[in-house]
Amino acid sequence: MRVGHTTLIEGDGPLEVGRGPVRTGVTVIVPGADDPWAEPAFAGCHRLNGNGELTGLEWIREAGLLTTVIGLTNTHSVGVVRDALIAAAVRKEAPGEQRWYLPVVGETYDGDLNDINGMHVRAEHVDAALAAASAGPVAEGGVGSGTGMQCHGFKGGIGTASRAVDGSTVGVLVQANHGWRDRLRVNGIRIGPLPGEEPAGRPGAGPEGSIIVIVATDAPLLPGQCERLAQRAALGVGRVGGAGEHGSGDLILAFATGNRGLRPLVDHDTQGTGPVAVRAVPADLIDNLFYAVIEAAEEAIVNALVAGQTMTGRDGYTVQGIGGERLAEYLSNHQGQTS
Amino acid sequence: MRVGHTTLIEGDGPLEVGRGPVRTGVTVIVPGADDPWAEPAFAGCHRLNGNGELTGLEWIREAGLLTTVIGLTNTHSVGVVRDALIAAAVRKEAPGEQRWYLPVVGETYDGDLNDINGMHVRAEHVDAALAAASAGPVAEGGVGSGTGMQCHGFKGGIGTASRAVDGSTVGVLVQANHGWRDRLRVNGIRIGPLPGEEPAGRPGAGPEGSIIVIVATDAPLLPGQCERLAQRAALGVGRVGGAGEHGSGDLILAFATGNRGLRPLVDHDTQGTGPVAVRAVPADLIDNLFYAVIEAAEEAIVNALVAGQTMTGRDGYTVQGIGGERLAEYLSNHQGQTS
Amino acid sequence: MRVGHTTLIEGDGPLEVGRGPVRTGVTVIVPGADDPWAEPAFAGCHRLNGNGELTGLEWIREAGLLTTVIGLTNTHSVGVVRDALIAAAVRKEAPGEQRWYLPVVGETYDGDLNDINGMHVRAEHVDAALAAASAGPVAEGGVGSGTGMQCHGFKGGIGTASRAVDGSTVGVLVQANHGWRDRLRVNGIRIGPLPGEEPAGRPGAGPEGSIIVIVATDAPLLPGQCERLAQRAALGVGRVGGAGEHGSGDLILAFATGNRGLRPLVDHDTQGTGPVAVRAVPADLIDNLFYAVIEAAEEAIVNALVAGQTMTGRDGYTVQGIGGERLAEYLSNHQGQTS
Amino acid sequence: MRVGHTTLIEGDGPLEVGRGPVRTGVTVIVPGADDPWAEPAFAGCHRLNGNGELTGLEWIREAGLLTTVIGLTNTHSVGVVRDALIAAAVRKEAPGEQRWYLPVVGETYDGDLNDINGMHVRAEHVDAALAAASAGPVAEGGVGSGTGMQCHGFKGGIGTASRAVDGSTVGVLVQANHGWRDRLRVNGIRIGPLPGEEPAGRPGAGPEGSIIVIVATDAPLLPGQCERLAQRAALGVGRVGGAGEHGSGDLILAFATGNRGLRPLVDHDTQGTGPVAVRAVPADLIDNLFYAVIEAAEEAIVNALVAGQTMTGRDGYTVQGIGGERLAEYLSNHQGQTS
């Protein structure tokens, strides 16, 4: 999968709706093929808590197919990203094609740092993220759709991790904007006050935040197996301290590119091709994928924290980065003595 | 698929719990292979209304696999049928095998006609139904688990129907014990009072009844596609007048035998076999399966009615058979004039 | 509930993407209170087939609360309508409020008649629909989001119907863009060729279309009861001939305004209020609501057809209106002779 | 809630199906009222992994009502326990009553220690558990349905824990028979080899086991809120090392007794009572219930381990108890140095 970011940072000081400060962005995930409509992936989803949006899920649930690029952004810009993904796909259609698109677009709420009601995300930012999408290492922390996000009381945002499993790879990308400070655990260790840590916390009225998790694998999974992987990612969220809080939109999508040639499952255009041959991971290998998803989700959240740099946003509100070295030192001081 | 019935009819007159009258039974459905554990079928389920029991659904939902024979009976005998199906399967295990079974057993309530609390179904009746299972024409109406059932104010019970679709077959078996008299429609025609019809109706305290629908096909479906077929059967129930009433347990299972060799998806015993090759029906053919299920479910309910013979049960309570000829005459008198 | 339409009709002749012809629009449904965030309604949803979008459902599923205005439009304009509904709500916030919105916006595909990829729906059209929202009779057929819709081979669009039930009212609004010509049934009667009917049908590549159903009631329902009502609407769709076809996005939302004061269930802003008192419809009344939903859904679809006027759209493609008189005459000629 | 156990331990040595050794039992949970049909509780459920049985869930999902006593046992005895719970309820009916029962009965697999195919659980054992049910402290470990269970490589079985939350209590009871040895974590600390620990492990062919979790609270929850609590229990399972493995039946039921007088929601017998008044926990309190469930589920599993005593079963297979002191010592040696 290829990932592209557009990061929008502009202005400082008091909130002036429509002017800023702007701390937001767009991230796109191209699932495997350039044109997911022509080369769809099996997919499934899971809701840990539903105070959030991830469009396109009814089609995922019904057909088990991911047929679009995935977009991520802030809560109030899901629409513009959705329609811009459609417009971008339309521009690449062959003459005479008449497709319908139901893009998968997720969000978390960056209104503590960002002028979220200023609606600063525009279609051109989606196009830029698509143009920037690459298979190389993914920038993490406060970039792209993760720009204005907070996680467990520190700066959050984009995080990624992957595991190799029985010849396949499982990758996880999170947009981490969830969790309370006092519930944070890393490697099972509860993270107490860090040296130099300043009391942060969301301004009163805001929601606790949310996390979007995208799980990708090249294993040959059926749609139901993708759904099972998505569900396991929730256990990883729980290990770091998330609880699917009421105010949190903890939505998870998993897709698998190990089966190809799924186009005839989408619509009538490939009429007459007959049954589609696919493969399913057997029972003796699926648990390893489950474990990989749990671990990679856990690590991706920690990576989002470690990559998150201290940021000041609207009305001077500041969120500290957890600081990779600071955290590492804390952990080494608090590890079990002999393990 | 093979179907076997054990019909239990004994005694007349006033209800004496534990003595009778008995109007109940057991029906078993062997999904394709003799040993569904060794040769499972993909499967999916749907709930139109949940005032009923169909055991084994959590496994169906998780793995999409039917790994046991299906049993049907009355509401208060689900347990004995379930355990007896396990015992029968255990007896056929190879030495040293250690399987677990989660059988699919459904029920509807025959307490208006039957001494349901007398618990007259015993393990031996399950064994007899298994022994009787054959691929030939299925006896319909008040037989097997359908013995004491009522449907839309008439005698109901077992009904079946099938459709040929694009080289595949779709079969539906219902245990029809649901529906009000005044909502009954056949071929879209509301069935008014029939000549000689006597006001029937369930005794006051009883539930409205329920319907179990089993959809079987030899098309090569994935689990999610089976679930979609199961959902369409609900539309067939609705066409005859069912509404998924609050007191009704309208539960539907669909399984597909078109994919074989699914054993490695069950557990670790086939370790090392690698991905399992399966096939999926493409988009341009699935609608025909949907239409077939709707029609066959509709017809199966009507067939259960037509096959149902007038029955008198506990406390002299009598339910009339709708009478095939009487119904046919009514329909021919009420068809649209030119169609 | 109040309903408002913006109808966009412009241009004729060959499709020129971005120029037209335009045959589309926006419809908004204000669920009861002017500000659904301050006065939410319990809600539930159901998927008959998922080839469609209805945003906001994860929140509905999790909390059972409808906290926004509902928007309807074409498939490729869901995003702009969603964000515009947010912007409109934001404009009405009190100073210092910091809400998050997850609007419910649905769609069906009007690309056979409309330049759908021209993205002609803009935020101002949403504002106009909101301004036009009234509690009076709802314009039906090819208006608002129903402008470019087709249904069972005829002109479709918006349809409504309602039923009085035990002191409550159940209303249904459909955006009907689904169904094949040869499956159309009205009152159970299959509608054969009508006098003067010209063979219509969607252009080759398009999907079969979709239907969005909104069920509203002032009965005091719990969220799970709303979900049950939503599911029954699917049976109404089935009665007219819909089958939840693979290419169809048949999504249903039901909400109930009979419980008020639900604001403390949304977020922390009403902290300290304690348990929220609500009421639930008892078992002996819920079936009547089910029947009302089935009937009203059925009638709403027929009303969409009857209100639909012949329309010519892109590339000269014409869809006939079914014609209320023509249909009535057909029905009276084909009713059962004595019923 | 009241809990009662029947523990069946008999015989030693080689497995002789039908003779033993017997290491199994029955546990019953009486949800609050003596007669849950007359005084139902709102309830909801969650599936972490579906390789298991918990009967009665379709009714729970549809109506959100727990109307029976809950039973727990081994995998192959679910049926006998289910029907025996019905028989026991029938015996307490008033003359002329005609109820239907859909009991909730769960299971995990004890076939490594127990002659599971010998079907040693009988109706009288259910009656004994019902007679023994008391509100006092619950015996834990290898008792009742937990008798033959294993958990994370040690002796498992029944475990309980509770938390006080904002004036309410949340209690969790687990039947813990799941998890691998090398994934076990307590308080986030991975449990390495313990002094004197002997390599255990399930015999080759058996499944990994399962966990049933019952969550009970006296908070006034709606059915959907119960479902949310059930889902959070899965995060507690994950914290101890469970992953919802493919071979595991990880099924969760949550019920809430804070709303009373729900009988009119069950069926027509209370006709004419009108809407039922209930209460819902508001948003500002629900998270505390979530946290309590996660913690109590985690603790209940650990309690099952700590209470589990070394047991030898069929064919001399022995499972060690983890040993409370041994575990405590390990934990104190491996705690973080300063926390």
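Think of it as A, B, C and D in the order they're written, each chain with its own count starting at 1.
Quick note on the criterion: a contact is a pair of C-beta atoms (placed from the backbone, for glycine too) under 8 Å apart; a residue touches a chain by one contact, two chains touch by 3 or more.
Source: prediction; values computed, not measured.
Student: To get from chain B to chain C along touching chains, fewest steps?
Tutor: 1
Student: Average the CA atoms of each chain to get its centre, and name the chain whose centre is farthest from that of chain C.
Tutor: Greatest centre separation from chain C goes to chain D.
Student: So, what's the distance in Å between the C-alpha centres of chain D and chain A?
Tutor: From the centre of chain A to the centre of chain D is 34 Å.
Student: Where the centres are mean C-alpha positions, what is the separation of chain A from chain C, in Å?
Tutor: Taking the average C-alpha coordinate of chain A and of chain C, the gap between them is 31 Å.
Student: Distance from the CA centroid of chain C to that of chain D, rounded to the nearest Å?
Tutor: Those two chain centres are 43 Å apart.
Student: Can you list the residues of chain A that touch 2 or more other chains?
Tutor: 49, 62-63, 228, 246-247, 267-268, 283 - these are the residues of chain A that touch more than one other chain.
Student: Could you please specify the touching residues of chain B with respect to chain A in the complex?
Tutor: Residue list for chain B touching chain A: 62-64, 220, 222-224, 228, 264-268, 270-284.
Student: So in the complex, the part of chain A that touches chain D is made up of which residues?
Tutor: 48-49, 183, 185, 187-190, 192, 228, 231-232, 234-235, 237-239, 243-247, 283, 286-287, 290-291, 294, 333-339
Student: Quick check on the complex: what are the chain D residues that touch chain B?
Tutor: Those residues of chain D that touch chain B are 17, 47, 49-63, 75-84, 86-87, 90, 96-98, 100-102, 105, 109, 111, 117, 119, 203, 205-207, 246-247, 249, 251, 267-269.
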